[in-house]
Amino acid sequence: MKNTFGNAVTLTLFGESHGEEIGCVLDGLSPGMEVDLKTVENALAKRRPAGGISTGRREPDAFRIVSGVYDGKTTGTPLCILIPNVAQRSADYQQQTAYRPGHADFTADMKYHGFQDPRGGGHFSGRLTAPLVAAGAVLRSALEKKGIVIGTHIASIHGVADAPFSGTEEEMKRLKDAAFPVLSHEAGEKMQKEILAFKERGDSVGGTLETVVTGMPAGVGEPWFDSLESILSHALFSIPAVKGVEFGAGFGFATLCGSEANDAFINENGSIRTRTNHNGGINGGITNGMPLVFRTVIKPTPTVSVLQDTVDGKTGEAIRLSFGGRHDPCIVHRACIVQESVTALVLFDALSARFGTDFFGEK
Amino acid sequence: MKNTFGNAVTLTLFGESHGEEIGCVLDGLSPGMEVDLKTVENALAKRRPAGGISTGRREPDAFRIVSGVYDGKTTGTPLCILIPNVAQRSADYQQQTAYRPGHADFTADMKYHGFQDPRGGGHFSGRLTAPLVAAGAVLRSALEKKGIVIGTHIASIHGVADAPFSGTEEEMKRLKDAAFPVLSHEAGEKMQKEILAFKERGDSVGGTLETVVTGMPAGVGEPWFDSLESILSHALFSIPAVKGVEFGAGFGFATLCGSEANDAFINENGSIRTRTNHNGGINGGITNGMPLVFRTVIKPTPTVSVLQDTVDGKTGEAIRLSFGGRHDPCIVHRACIVQESVTALVLFDALSARFGTDFFGEK
Amino acid sequence: MKNTFGNAVTLTLFGESHGEEIGCVLDGLSPGMEVDLKTVENALAKRRPAGGISTGRREPDAFRIVSGVYDGKTTGTPLCILIPNVAQRSADYQQQTAYRPGHADFTADMKYHGFQDPRGGGHFSGRLTAPLVAAGAVLRSALEKKGIVIGTHIASIHGVADAPFSGTEEEMKRLKDAAFPVLSHEAGEKMQKEILAFKERGDSVGGTLETVVTGMPAGVGEPWFDSLESILSHALFSIPAVKGVEFGAGFGFATLCGSEANDAFINENGSIRTRTNHNGGINGGITNGMPLVFRTVIKPTPTVSVLQDTVDGKTGEAIRLSFGGRHDPCIVHRACIVQESVTALVLFDALSARFGTDFFGEK
Amino acid sequence: MKNTFGNAVTLTLFGESHGEEIGCVLDGLSPGMEVDLKTVENALAKRRPAGGISTGRREPDAFRIVSGVYDGKTTGTPLCILIPNVAQRSADYQQQTAYRPGHADFTADMKYHGFQDPRGGGHFSGRLTAPLVAAGAVLRSALEKKGIVIGTHIASIHGVADAPFSGTEEEMKRLKDAAFPVLSHEAGEKMQKEILAFKERGDSVGGTLETVVTGMPAGVGEPWFDSLESILSHALFSIPAVKGVEFGAGFGFATLCGSEANDAFINENGSIRTRTNHNGGINGGITNGMPLVFRTVIKPTPTVSVLQDTVDGKTGEAIRLSFGGRHDPCIVHRACIVQESVTALVLFDALSARFGTDFFGEK
């Protein structure tokens, strides 16, 4: 399905970094969901580069919802979000025929035979996460009305770790409003210093993101191919730069024994919960009512200005190059809202399949 | 799509641990692919419990291919593989109403309202990986004819690590024939000792698996939602007990800087390759011609005979229980062939979409 | 998706006429639906050839449901139905290399390059409608519990027309129990005479089927690609020999003017209905609460024993042949239950998507 | 999948009649296909109302392709086509709460609970066929380069029949350039008179369309659920007003016997063809290399200004109304290009699945 994701609810993504417009189509929404443009704007602002730790590119992200909304509410028919591209400075890229290490230049050539739009990464550009974020904002509002809250913090940047995140209401609130979402102010300062240090050297850094989702009802997901882990990881790995996904104790399970790893069930005033949450809220692919917990790793931005060996795609010659342009020394903080957005899409889809197409709307 | 996976080529899985038969339907295969029953048998044998480190359950896995094969070759119409269940000893489970910690008993109740088949884990049972392995054996043979080879070793068990795996022809051959696939004989001995030690205590252990795929052509996969990482992780997380997936340097990217993480392109006698392979053979969701490299974490088998706290699903009362029965103290080694099988399915599907429905058959 | 149909609920079909077993996998069913084996048997009996107007082939259709049912109810996991093939007499076909006119012999060769199973039509055989009928029987029982009833009569055979069918309870009951489902006993007699007359000449006849569905709630279906007409026709055209599908007034609309064709809305004791039903219960792709009405045309069975010109697939030579074997002079009456079965699948799927996965089960 | 159609190649449709923009996203195209804007313009012009026999609405259909095309060729990534709405005169509709007979007003209310965009038919409007036609134009150019030509004539309007259409090159050419595509000039004149006669009475008429496709290779399509008839009818029934689809002899099969209906195979200079083409180029769901032939029936436009009985959706009261506004007395001629467009989509998709994603592009 390539650029379409989801089953009961689908998102179709299109556009190129320096094309006329980028956008997405969201289909399968319940009729009667509120669409608050301010919420969408706020979400896009969180994705936007800002301050010294990001690229100098200006991306105003003026978006238009051109279908599927009437009188401020979803109609139930496809919602198309468009974002015009205005900050292109194509000259930065046009003459580039050398394959940038860590980028998709070479693989795009192998797949598209040179017909791909090469400007600014084309369809591979991180810029395409903007429509994902806009769509995610609409979906998150609907999830929140059902008591489902998604929060993400920067768990680490280049080895500098944040404080632990358990998903309390207070933590969720703090992360939502933060431009650089961490729980420990001190850790956040250190991380930003680290980013700036690498920026100065013309280099870049990566890190990890941790998401907690509270309020998911038990019994959502599927065994086997549509396990919630399967579907979430499918969506998470579509975020450029994500190279690993783990749920609950994740890779830590490798050194636990069964009696440590299992989450004991307890009866808390008539509601069945688990004492620990090593399984990250999912057993057998299905939610157990505990918070969903997962982490991703975001690789360092591949565009760096230090000299690198590579090959020229036209001539096949080995060359040594520094790649200039306005680039992010780190995209981990900007990826937070993207991670939350694809998470919202997955959960919204699973809940719509489970409870029907009217679940999220007024009636 | 629940129990169906794939696009151009699909696999549909069905069955319960103690039902009459389990099996799968493979659709979209090229006509004229050889189907060697001996190869399927060998693959099933690798999945089967064996020796002191596995469960005492006997599973003969007599399989039948009841459609889609004629004169030893695929017809191009759906291939159905059936495996009868004969080793059921349902009494072990029948009276069990306590939710086993770490299992899907509780989540199944929430989703299926008590109508699920409770015997032996029902549809959630690891037993359903047998048809996956049988299907995988058919697909791997076809991939190997195209020069694409999949190998997996036990990277670690409860912290005991194997030697590094780079995917040489010799390594691939050794792993293929091994019942306990490791590269270091010594590490393998240690791992098995570790398993037996925990078995004696009535406990269990987990570990990590690492897969390398050689021979994949460059240019296969998609940006965004059907990135090869997305599709592979979707399939890998459908293996019960997998709780993490990482590609190339994986979570190690979190402490690398960009200039370290990037794989420099080189021209090796006219063929473009990368000097390192931190990206695990995938850039922008698309193969770059380098070996695919990924790791999963397999959590410790949840069924342990040490005492555990839990809740009785019928009465809601807290209880403390030891879960008996014949269980695996470790399933990491048995999961090797399963991981290779779902990998084969993903790659076969992606190549069929790319090169058409006749790609793998004779003409 | 080839041999898989449906979205929220899917049916995957497999098998060949003379293979070991044929069958299907039904996925996405609500947990807790009753599965009555006697109902399935009765449905299969209606599809089976019987009396002088059908083939002499005996097809006992002993079916097994090997998964997805526990204690007489659906578990919510995939239900696999198997039907062994026992009446094969492959010698009738084996030496046949001439392309039978009107059959798929030639097109199968073009698609499968000669690797297809040639015995008895292989995967193209009408025999594969048996698993469809078995699955349909399970689904229809669930639909009937929701008040949704599907009835089909033979509208015509070789020009001999039945009495009109409006979908009253009494008509529905009569059609359900009939081996040769017509409303006018006299017309039925005439039709059977017509069939026998052509049988004597070694020839065959076709006809039309008309289905009425009562009890469908308004508001089910989609505009555009998943219009209920789109989805129903998709399923109906997968029945071998169907070459036309029309809804409501169908091709009759071509000679009506708008003021005649429109169905006036009326308020009948608070419930909005239409005075006429030219649109067959569907407006804009969505049910309007009126009975669904549609007709298909079933072409004459292509296997006839009169001499026909054709080409030998091996040698390319023109030949003139009579095709012997035990064949149906008419399959229109046998197609009734098949048409009802795929209709049940479509409606069940649409209702599950609309109202969620628990809609048809007990809770 | 609601507003997305196709498998290897998908089209996602969005928009409302009086919304800001309507459009579609085409995904899965081969890289390197030429995109000629003039061809798209010409196709849109054929769909546009023109002359006295259509609505007076002006629809300039200024379209923009905002992604997926670079340097005049497809990139291989999603192509998004946008068409702004500029001719809205919403006042014509705004106060309308009476359900228009034959329209989707009532069913939309049942499905979308009143949240749908009611202006000008909203998402149900025939206006959404414009993006389908634009997309179809891109696909048809690629098909024509492979020798596959699609032609459609008005087979009849309100009983006035055109001359027979066999798909010769000369016929194809004439139909392509015609604003009112018929083969008999005389029949065309009569049809237009008929339309104008009904227009004067404030009434409307329907008719039938016949499509012939030449140049399709044999061996494309699937048995069962993805039979070419299934997929084509799925797409054809998504065109508003289509209420019947038939292939080859279609409903005429009901009065043929087998020996008449079968198409004898002949060997024409080494190429296997059939002497007649009653099966419309499809056997067993798969192309046989003969021209594809199918017909649809287009019901009379439901909006008429003669008085009609209906119900007010707000009050539930019975009322008698004349529906004014600028409406088409007939849309059969305008539907020609739409029918060709969805046909192109189906064939393009089937060929891409069969021959891989590079089939239609340069390499």
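Just so it is clear, A, B, C and D label the chains in written order, and each chain counts residues from 1 on its own.
Criterion: a residue touches a chain if its C-beta (ideal position, glycine included) is under 8 Å from a C-beta of that chain, and two chains touch if they have at least 3 such contacts.
Because the structure is predicted, anything quoted here is derived from the model rather than measured.
*Asks:* Which chains are shared contacts of chain B and chain C?
*Replies:* Both-contact set = A, D.
*Asks:* Which is the least count of steps on a path of touching chains running from chain A to chain D?
*Replies:* Shortest path length, in steps: 1.
*Asks:* Starting from the Cα centroid of chain B, hunt down the chain whose centroid lies farthest away.
*Replies:* Checked the centroid distances; the maximum from chain B is D.
*Asks:* Between chain C and chain D, tell me the centre distance in angstrom, where each centre is the average of that chain's C-alpha atoms.
*Replies:* 27
*Asks:* Taking each chain's centre as its mean C-alpha position, how far apart are chain A and chain C in Å?
*Replies:* Taking the average C-alpha coordinate of chain A and of chain C, the gap between them is 45 Å.
*Asks:* So which bits of chain B are touching at least two other chains?
*Replies:* Touching at least two other chains: 1-4, 7, 13, 77, 111, 123, 223, 358.
*Asks:* With touch defined as at the start, can you tell me which chain A residues reach chain B in the complex?
*Replies:* Contacts found on chain A: 1-5, 7, 13, 99, 101-104, 106-108, 110-111, 123-124, 128, 156, 158-159, 198, 203-208, 217-227, 229-231, 233-238, 240, 242-251, 253-267, 270, 272, 274-275, 279-280, 282-289, 297-304, 306, 308-311, 316-318.
*Asks:* Given the complex with chain C, which residues does chain B contribute to the contact?
*Replies:* Those residues of chain B that touch chain C are 1-4, 10, 12-16, 19-23, 25, 27-28, 31-32, 64, 66-68, 70, 73-80, 82, 111-113, 115-117, 122-123, 358, 361-363.
*Asks:* What residues of chain D sit close enough to touch chain B in their complex?
*Replies:* Residues in contact with chain B: 7-8, 77, 223, 353-359.
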